[in-house]
Amino acid sequence: MGEYLHDQPITPRTDSEKKALLNRLKRIEGQVRGIQNMVEEDRYCVDVLVQLSAINAALKKVGFTMAERHTKHCVSHAVKSGEGDAAIEELMEVMKQFSK
Amino acid sequence: MGEYLHDQPITPRTDSEKKALLNRLKRIEGQVRGIQNMVEEDRYCVDVLVQLSAINAALKKVGFTMAERHTKHCVSHAVKSGEGDAAIEELMEVMKQFSK
Amino acid sequence: MGEYLHDQPITPRTDSEKKALLNRLKRIEGQVRGIQNMVEEDRYCVDVLVQLSAINAALKKVGFTMAERHTKHCVSHAVKSGEGDAAIEELMEVMKQFSK
Amino acid sequence: MGEYLHDQPITPRTDSEKKALLNRLKRIEGQVRGIQNMVEEDRYCVDVLVQLSAINAALKKVGFTMAERHTKHCVSHAVKSGEGDAAIEELMEVMKQFSK
(Lines give C-alpha, C1' and ligand atoms only; values in the text may rest on other atoms or scores of the structure.)
Protein backbone atom coordinates (compact mmCIF):
# COMPACT_ATOMS: atom_id res chain seq x y z
CA MET A 1 0.00 0.00 0.00
CA GLY A 2 1.56 3.26 -1.14
CA GLU A 3 1.50 6.68 0.45
CA TYR A 4 -1.70 7.61 -1.34
CA LEU A 5 -3.80 4.62 -0.39
CA HIS A 6 -5.17 5.66 2.97
CA ASP A 7 -7.19 4.81 6.04
CA GLN A 8 -9.15 7.99 5.60
CA PRO A 9 -10.16 10.26 2.75
CA ILE A 10 -7.49 12.84 1.94
CA THR A 11 -10.10 15.57 2.46
CA PRO A 12 -12.29 14.65 5.44
CA ARG A 13 -15.99 14.44 4.62
CA THR A 14 -17.76 17.64 5.65
CA ASP A 15 -20.58 17.42 8.18
CA SER A 16 -23.17 18.01 5.48
CA GLU A 17 -21.67 15.31 3.27
CA LYS A 18 -21.74 12.87 6.18
CA LYS A 19 -25.30 13.80 7.03
CA ALA A 20 -26.50 13.32 3.46
CA LEU A 21 -24.80 9.92 3.25
CA LEU A 22 -26.12 8.82 6.64
CA ASN A 23 -29.65 9.82 5.69
CA ARG A 24 -29.46 7.70 2.58
CA LEU A 25 -28.00 4.77 4.48
CA LYS A 26 -30.68 5.03 7.16
CA ARG A 27 -33.34 4.97 4.48
CA ILE A 28 -31.73 1.84 3.03
CA GLU A 29 -31.62 0.26 6.49
CA GLY A 30 -35.34 1.01 6.78
CA GLN A 31 -35.95 -0.63 3.40
CA VAL A 32 -34.12 -3.77 4.55
CA ARG A 33 -36.32 -3.87 7.67
CA GLY A 34 -39.35 -3.37 5.44
CA ILE A 35 -38.40 -6.51 3.56
CA GLN A 36 -38.13 -8.41 6.83
CA ASN A 37 -41.73 -7.40 7.54
CA MET A 38 -42.79 -8.55 4.10
CA VAL A 39 -41.22 -11.94 4.78
CA GLU A 40 -42.89 -12.17 8.23
CA GLU A 41 -46.23 -11.38 6.61
CA ASP A 42 -45.56 -13.95 3.88
CA ARG A 43 -45.95 -11.41 1.13
CA TYR A 44 -45.86 -12.28 -2.58
CA CYS A 45 -42.28 -13.05 -3.73
CA VAL A 46 -42.42 -10.77 -6.74
CA ASP A 47 -43.33 -7.80 -4.53
CA VAL A 48 -40.36 -8.64 -2.31
CA LEU A 49 -38.09 -8.88 -5.35
CA VAL A 50 -39.23 -5.46 -6.53
CA GLN A 51 -38.23 -4.04 -3.15
CA LEU A 52 -34.88 -5.83 -3.25
CA SER A 53 -34.23 -4.24 -6.66
CA ALA A 54 -35.02 -0.84 -5.18
CA ILE A 55 -32.47 -1.37 -2.42
CA ASN A 56 -29.85 -2.49 -4.90
CA ALA A 57 -30.48 0.66 -6.93
CA ALA A 58 -30.22 2.84 -3.83
CA LEU A 59 -26.93 1.18 -2.80
CA LYS A 60 -25.53 1.72 -6.28
CA LYS A 61 -26.40 5.40 -6.05
CA VAL A 62 -24.59 5.73 -2.73
CA GLY A 63 -21.63 3.84 -4.17
CA PHE A 64 -21.34 6.06 -7.22
CA THR A 65 -21.61 9.19 -5.08
CA MET A 66 -18.73 7.87 -2.97
CA ALA A 67 -16.67 6.81 -5.96
CA GLU A 68 -17.07 10.23 -7.54
CA ARG A 69 -16.06 12.01 -4.35
CA HIS A 70 -13.14 9.64 -3.92
CA THR A 71 -11.93 10.33 -7.45
CA LYS A 72 -12.32 14.09 -7.06
CA HIS A 73 -10.34 14.12 -3.82
CA CYS A 74 -8.09 11.14 -3.10
CA VAL A 75 -7.40 10.05 -6.66
CA SER A 76 -6.91 13.61 -7.88
CA HIS A 77 -4.53 14.32 -5.02
CA ALA A 78 -2.55 11.21 -5.90
CA VAL A 79 -2.46 12.23 -9.57
CA LYS A 80 -1.13 15.68 -8.72
CA SER A 81 1.54 14.07 -6.53
CA GLY A 82 2.67 11.84 -9.39
CA GLU A 83 1.21 8.77 -7.67
CA GLY A 84 -1.94 8.48 -9.73
CA ASP A 85 -1.52 5.02 -11.22
CA ALA A 86 -1.81 3.03 -7.99
CA ALA A 87 -4.84 5.06 -6.89
CA ILE A 88 -6.52 4.61 -10.28
CA GLU A 89 -5.89 0.86 -10.32
CA GLU A 90 -7.36 0.60 -6.83
CA LEU A 91 -10.41 2.60 -7.95
CA MET A 92 -10.99 0.39 -11.01
CA GLU A 93 -10.63 -2.75 -8.94
CA VAL A 94 -13.36 -1.67 -6.56
CA MET A 95 -15.59 -0.43 -9.41
CA LYS A 96 -15.33 -3.88 -11.00
CA GLN A 97 -16.50 -5.58 -7.82
CA PHE A 98 -19.19 -2.99 -7.36
CA SER A 99 -20.60 -3.34 -10.85
CA LYS A 100 -21.16 -7.09 -10.53
CA MET B 1 -53.74 -9.12 -12.73
CA GLY B 2 -54.79 -12.71 -13.35
CA GLU B 3 -55.78 -15.41 -10.94
CA TYR B 4 -52.20 -16.60 -10.53
CA LEU B 5 -50.57 -13.28 -9.69
CA HIS B 6 -51.08 -13.08 -5.96
CA ASP B 7 -50.71 -11.14 -2.74
CA GLN B 8 -49.11 -14.15 -1.15
CA PRO B 9 -47.05 -17.13 -2.28
CA ILE B 10 -49.21 -20.05 -3.42
CA THR B 11 -47.41 -22.25 -0.89
CA PRO B 12 -46.87 -20.26 2.34
CA ARG B 13 -43.23 -20.02 3.39
CA THR B 14 -42.45 -22.57 6.08
CA ASP B 15 -41.18 -21.33 9.44
CA SER B 16 -37.68 -22.54 8.69
CA GLU B 17 -37.69 -20.80 5.30
CA LYS B 18 -38.83 -17.58 6.94
CA LYS B 19 -36.22 -17.91 9.65
CA ALA B 20 -33.40 -18.48 7.16
CA LEU B 21 -34.49 -15.47 5.08
CA LEU B 22 -34.88 -13.24 8.14
CA ASN B 23 -31.42 -14.20 9.40
CA ARG B 24 -29.91 -13.20 6.09
CA LEU B 25 -31.85 -9.95 6.02
CA LYS B 26 -30.83 -9.11 9.58
CA ARG B 27 -27.22 -9.69 8.68
CA ILE B 28 -27.65 -7.33 5.72
CA GLU B 29 -29.30 -4.75 7.99
CA GLY B 30 -26.24 -5.04 10.26
CA GLN B 31 -23.94 -4.52 7.28
CA VAL B 32 -25.82 -1.35 6.34
CA ARG B 33 -25.42 -0.08 9.90
CA GLY B 34 -21.74 -0.99 9.71
CA ILE B 35 -21.39 1.31 6.72
CA GLN B 36 -23.06 4.10 8.66
CA ASN B 37 -20.35 3.70 11.30
CA MET B 38 -17.66 3.78 8.65
CA VAL B 39 -19.08 7.06 7.36
CA GLU B 40 -19.28 8.52 10.89
CA GLU B 41 -15.63 7.56 11.45
CA ASP B 42 -14.70 9.07 8.08
CA ARG B 43 -13.22 5.82 6.83
CA TYR B 44 -11.45 5.48 3.48
CA CYS B 45 -13.94 5.53 0.57
CA VAL B 46 -12.54 2.44 -1.09
CA ASP B 47 -13.07 0.40 2.08
CA VAL B 48 -16.67 1.64 2.21
CA LEU B 49 -17.16 0.71 -1.46
CA VAL B 50 -15.86 -2.80 -0.79
CA GLN B 51 -18.48 -3.16 1.95
CA LEU B 52 -21.22 -1.79 -0.33
CA SER B 53 -20.28 -4.41 -2.92
CA ALA B 54 -20.57 -7.11 -0.25
CA ILE B 55 -24.10 -5.95 0.61
CA ASN B 56 -25.08 -5.91 -3.04
CA ALA B 57 -23.83 -9.47 -3.40
CA ALA B 58 -25.74 -10.57 -0.29
CA LEU B 59 -28.95 -8.95 -1.57
CA LYS B 60 -28.54 -10.66 -4.93
CA LYS B 61 -28.22 -14.01 -3.15
CA VAL B 62 -31.42 -13.41 -1.20
CA GLY B 63 -33.14 -12.32 -4.40
CA PHE B 64 -32.12 -15.41 -6.33
CA THR B 65 -33.18 -17.67 -3.47
CA MET B 66 -36.58 -15.99 -3.55
CA ALA B 67 -36.87 -16.10 -7.32
CA GLU B 68 -36.05 -19.81 -7.33
CA ARG B 69 -38.64 -20.56 -4.66
CA HIS B 70 -41.17 -18.41 -6.48
CA THR B 71 -40.58 -20.28 -9.72
CA LYS B 72 -40.76 -23.67 -8.04
CA HIS B 73 -44.04 -22.84 -6.34
CA CYS B 74 -46.11 -19.98 -7.78
CA VAL B 75 -44.89 -20.13 -11.37
CA SER B 76 -45.03 -23.92 -11.47
CA HIS B 77 -48.55 -23.87 -10.06
CA ALA B 78 -49.57 -21.37 -12.72
CA VAL B 79 -47.95 -23.50 -15.44
CA LYS B 80 -49.85 -26.60 -14.31
CA SER B 81 -53.08 -24.60 -14.32
CA GLY B 82 -52.48 -23.49 -17.90
CA GLU B 83 -51.77 -19.94 -16.77
CA GLY B 84 -48.01 -20.07 -17.02
CA ASP B 85 -47.34 -17.31 -19.53
CA ALA B 86 -48.49 -14.38 -17.39
CA ALA B 87 -46.57 -15.70 -14.38
CA ILE B 88 -43.41 -16.22 -16.46
CA GLU B 89 -43.62 -12.74 -17.99
CA GLU B 90 -44.01 -11.28 -14.52
CA LEU B 91 -40.98 -13.26 -13.32
CA MET B 92 -38.82 -12.11 -16.24
CA GLU B 93 -39.85 -8.51 -15.72
CA VAL B 94 -38.71 -8.56 -12.10
CA MET B 95 -35.49 -10.45 -12.96
CA LYS B 96 -34.66 -7.72 -15.48
CA GLN B 97 -35.02 -5.03 -12.84
CA PHE B 98 -33.14 -7.09 -10.35
CA SER B 99 -30.18 -7.75 -12.62
CA LYS B 100 -29.51 -4.06 -13.30
CA MET C 1 -28.21 -34.29 -16.64
CA GLY C 2 -31.83 -35.39 -16.35
CA GLU C 3 -34.36 -36.16 -19.03
CA TYR C 4 -35.53 -32.55 -19.21
CA LEU C 5 -32.15 -30.89 -19.62
CA HIS C 6 -31.62 -31.06 -23.34
CA ASP C 7 -29.39 -30.42 -26.30
CA GLN C 8 -32.21 -28.63 -28.03
CA PRO C 9 -35.28 -26.65 -27.00
CA ILE C 10 -38.28 -28.88 -26.34
CA THR C 11 -40.24 -26.86 -28.90
CA PRO C 12 -37.96 -26.04 -31.83
CA ARG C 13 -37.62 -22.32 -32.52
CA THR C 14 -39.91 -21.28 -35.37
CA ASP C 15 -38.37 -19.74 -38.47
CA SER C 16 -39.65 -16.31 -37.52
CA GLU C 17 -38.23 -16.62 -34.00
CA LYS C 18 -34.87 -17.64 -35.44
CA LYS C 19 -34.95 -14.79 -37.92
CA ALA C 20 -35.74 -12.21 -35.25
CA LEU C 21 -32.93 -13.49 -33.01
CA LEU C 22 -30.45 -13.63 -35.86
CA ASN C 23 -31.29 -10.08 -36.88
CA ARG C 24 -30.60 -8.86 -33.39
CA LEU C 25 -27.36 -10.82 -33.18
CA LYS C 26 -26.21 -9.49 -36.56
CA ARG C 27 -26.88 -5.97 -35.37
CA ILE C 28 -24.79 -6.69 -32.26
CA GLU C 29 -22.01 -8.13 -34.44
CA GLY C 30 -22.11 -4.89 -36.42
CA GLN C 31 -21.86 -2.87 -33.24
CA VAL C 32 -18.78 -4.85 -32.17
CA ARG C 33 -17.20 -4.12 -35.56
CA GLY C 34 -18.14 -0.48 -35.10
CA ILE C 35 -16.13 -0.41 -31.91
CA GLN C 36 -13.15 -1.91 -33.72
CA ASN C 37 -13.34 1.03 -36.13
CA MET C 38 -13.51 3.47 -33.25
CA VAL C 39 -10.35 1.93 -31.80
CA GLU C 40 -8.58 2.06 -35.20
CA GLU C 41 -9.52 5.73 -35.51
CA ASP C 42 -8.32 6.36 -31.94
CA ARG C 43 -11.68 7.73 -30.87
CA TYR C 44 -12.34 9.19 -27.42
CA CYS C 45 -12.55 6.44 -24.74
CA VAL C 46 -15.79 7.70 -23.26
CA ASP C 47 -17.51 7.46 -26.64
CA VAL C 48 -16.25 3.89 -26.97
CA LEU C 49 -17.51 3.07 -23.46
CA VAL C 50 -20.95 4.43 -24.34
CA GLN C 51 -21.03 2.06 -27.32
CA LEU C 52 -19.86 -0.88 -25.19
CA SER C 53 -22.72 -0.14 -22.78
CA ALA C 54 -25.15 -0.19 -25.70
CA ILE C 55 -23.91 -3.62 -26.76
CA ASN C 56 -24.20 -4.95 -23.22
CA ALA C 57 -27.78 -3.70 -23.07
CA ALA C 58 -28.58 -5.31 -26.44
CA LEU C 59 -27.09 -8.64 -25.31
CA LYS C 60 -29.10 -8.53 -22.10
CA LYS C 61 -32.26 -8.01 -24.14
CA VAL C 62 -31.49 -11.03 -26.31
CA GLY C 63 -30.69 -13.05 -23.19
CA PHE C 64 -33.95 -12.18 -21.46
CA THR C 65 -35.93 -12.96 -24.60
CA MET C 66 -34.27 -16.38 -24.68
CA ALA C 67 -34.72 -17.00 -20.97
CA GLU C 68 -38.41 -16.15 -21.23
CA ARG C 69 -38.92 -18.47 -24.17
CA HIS C 70 -36.94 -21.18 -22.42
CA THR C 71 -39.10 -20.88 -19.32
CA LYS C 72 -42.33 -20.87 -21.32
CA HIS C 73 -41.34 -24.00 -23.24
CA CYS C 74 -38.63 -26.21 -21.74
CA VAL C 75 -39.10 -25.32 -18.07
CA SER C 76 -42.90 -25.44 -18.34
CA HIS C 77 -42.72 -28.80 -20.05
CA ALA C 78 -40.48 -30.11 -17.26
CA VAL C 79 -42.86 -28.72 -14.63
CA LYS C 80 -45.83 -30.46 -16.22
CA SER C 81 -43.86 -33.70 -16.31
CA GLY C 82 -43.08 -33.45 -12.61
CA GLU C 83 -39.44 -32.66 -13.34
CA GLY C 84 -39.58 -28.94 -12.76
CA ASP C 85 -37.06 -28.53 -9.95
CA ALA C 86 -33.95 -29.51 -11.92
CA ALA C 87 -34.98 -27.29 -14.85
CA ILE C 88 -35.68 -24.35 -12.53
CA GLU C 89 -32.36 -24.72 -10.73
CA GLU C 90 -30.57 -24.81 -14.07
CA LEU C 91 -32.45 -21.67 -15.16
CA MET C 92 -31.57 -19.78 -11.96
CA GLU C 93 -27.93 -20.79 -12.24
CA VAL C 94 -27.65 -19.33 -15.71
CA MET C 95 -29.61 -16.19 -14.75
CA LYS C 96 -27.13 -15.60 -11.92
CA GLN C 97 -24.19 -15.75 -14.32
CA PHE C 98 -26.03 -13.63 -16.81
CA SER C 99 -26.91 -10.89 -14.34
CA LYS C 100 -23.29 -10.30 -13.29
CA MET D 1 -18.19 20.34 -23.48
CA GLY D 2 -15.03 21.78 -21.91
CA GLU D 3 -11.49 21.83 -23.18
CA TYR D 4 -10.69 18.47 -21.60
CA LEU D 5 -13.58 16.47 -23.00
CA HIS D 6 -12.22 15.39 -26.35
CA ASP D 7 -12.79 13.65 -29.65
CA GLN D 8 -9.64 11.68 -29.10
CA PRO D 9 -7.63 10.42 -26.14
CA ILE D 10 -5.15 12.99 -24.85
CA THR D 11 -2.38 10.42 -25.34
CA PRO D 12 -3.01 8.51 -28.59
CA ARG D 13 -3.27 4.74 -28.13
CA THR D 14 0.01 3.06 -29.01
CA ASP D 15 0.05 0.47 -31.78
CA SER D 16 0.40 -2.35 -29.30
CA GLU D 17 -2.52 -1.05 -27.22
CA LYS D 18 -4.65 -0.84 -30.34
CA LYS D 19 -3.63 -4.31 -31.40
CA ALA D 20 -4.45 -5.84 -28.02
CA LEU D 21 -7.87 -4.15 -27.97
CA LEU D 22 -8.63 -5.16 -31.54
CA ASN D 23 -7.71 -8.77 -30.83
CA ARG D 24 -10.12 -8.86 -27.93
CA LEU D 25 -12.87 -7.21 -29.95
CA LYS D 26 -12.34 -9.64 -32.82
CA ARG D 27 -12.65 -12.54 -30.42
CA ILE D 28 -15.90 -11.04 -29.13
CA GLU D 29 -17.15 -10.61 -32.70
CA GLY D 30 -16.38 -14.30 -33.24
CA GLN D 31 -18.31 -15.21 -30.10
CA VAL D 32 -21.33 -13.26 -31.36
CA ARG D 33 -21.14 -15.16 -34.65
CA GLY D 34 -20.85 -18.39 -32.69
CA ILE D 35 -24.16 -17.59 -31.01
CA GLN D 36 -25.73 -17.02 -34.42
CA ASN D 37 -24.66 -20.54 -35.35
CA MET D 38 -26.12 -21.91 -32.15
CA VAL D 39 -29.44 -20.26 -32.99
CA GLU D 40 -29.35 -21.60 -36.57
CA GLU D 41 -28.72 -25.10 -35.20
CA ASP D 42 -31.53 -24.65 -32.69
CA ARG D 43 -29.25 -25.31 -29.74
CA TYR D 44 -30.48 -25.54 -26.15
CA CYS D 45 -31.36 -22.09 -24.74
CA VAL D 46 -29.35 -22.52 -21.57
CA ASP D 47 -26.20 -23.23 -23.57
CA VAL D 48 -26.82 -20.08 -25.59
CA LEU D 49 -27.34 -18.08 -22.38
CA VAL D 50 -24.05 -19.35 -20.99
CA GLN D 51 -22.33 -18.06 -24.14
CA LEU D 52 -24.13 -14.71 -23.90
CA SER D 53 -22.86 -14.38 -20.31
CA ALA D 54 -19.33 -15.05 -21.52
CA ILE D 55 -19.60 -12.25 -24.09
CA ASN D 56 -20.95 -9.87 -21.50
CA ALA D 57 -18.00 -10.68 -19.25
CA ALA D 58 -15.54 -10.15 -22.11
CA LEU D 59 -17.11 -6.79 -22.98
CA LYS D 60 -16.91 -5.69 -19.35
CA LYS D 61 -13.22 -6.56 -19.32
CA VAL D 62 -12.58 -4.46 -22.43
CA GLY D 63 -14.61 -1.65 -20.90
CA PHE D 64 -12.69 -1.63 -17.65
CA THR D 65 -9.37 -1.72 -19.51
CA MET D 66 -10.50 1.34 -21.46
CA ALA D 67 -11.85 3.14 -18.42
CA GLU D 68 -8.58 2.60 -16.57
CA ARG D 69 -6.52 3.90 -19.47
CA HIS D 70 -8.87 6.84 -19.86
CA THR D 71 -8.51 7.71 -16.18
CA LYS D 72 -4.74 7.37 -16.25
CA HIS D 73 -4.41 9.63 -19.28
CA CYS D 74 -7.33 11.94 -20.08
CA VAL D 75 -8.76 12.31 -16.59
CA SER D 76 -5.32 12.68 -15.00
CA HIS D 77 -4.37 15.29 -17.57
CA ALA D 78 -7.57 17.19 -16.78
CA VAL D 79 -6.88 16.95 -13.04
CA LYS D 80 -3.39 18.36 -13.45
CA SER D 81 -4.82 21.22 -15.53
CA GLY D 82 -7.30 22.08 -12.80
CA GLU D 83 -10.19 20.78 -14.90
CA GLY D 84 -10.64 17.46 -13.17
CA ASP D 85 -14.22 17.75 -11.97
CA ALA D 86 -15.90 17.76 -15.39
CA ALA D 87 -13.76 14.84 -16.57
CA ILE D 88 -14.51 12.86 -13.40
CA GLU D 89 -18.24 13.48 -13.65
CA GLU D 90 -18.18 12.35 -17.26
CA LEU D 91 -16.27 9.21 -16.25
CA MET D 92 -18.73 8.36 -13.48
CA GLU D 93 -21.69 8.90 -15.77
CA VAL D 94 -20.37 6.40 -18.28
CA MET D 95 -19.39 3.92 -15.54
CA LYS D 96 -22.98 4.04 -14.25
CA GLN D 97 -24.35 3.15 -17.67
CA PHE D 98 -21.72 0.54 -18.14
CA SER D 99 -22.39 -1.21 -14.83
CA LYS D 100 -26.08 -1.73 -15.52
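First chain written, first letter: the chains are A, B, C and D, and each begins at residue 1.
Everything that follows uses one rule, which is that contacts are C-beta pairs under 8 Å (C-beta built on N, C-alpha and C of every residue); 3 or more make two chains touch, one makes a residue touch a chain.
Because the structure is predicted, anything quoted here is derived from the model rather than measured.
When each chain is reduced to the average of its Cα atoms, B sits farthest from chain D.
Chain B and chain D have centres, each the mean of its CA atoms, that are 30 Å apart. Rounded to a whole number, the gap between the C-alpha centres of chain A and chain B is 20 angstrom. Annotation for chain D: residues touching 2 or more other chains are 60, 67, 91, 95, 98, 100. Because contacts link each chain to exactly two others and close back on themselves, their graph is best described as a ring. Each chain pair that touches appears in this list: A-B, A-D, B-C, C-D. In the complex of the two chains, the chain B residues touching chain A come out as 5-9, 12-13, 18, 21-22, 25-26, 28-29, 32-33, 35-36, 39-40, 42-46, 48-50, 52-53, 55-57, 59-60, 62-63, 66-67, 69-70, 74, 90-91, 94-95, 97-98, 100. Listed in rising order, the residues of chain D touching chain A in the complex are 60, 64, 67-68, 71-72, 75-76, 79-80, 84-85, 88-89, 91-92, 95-96, 98-99.
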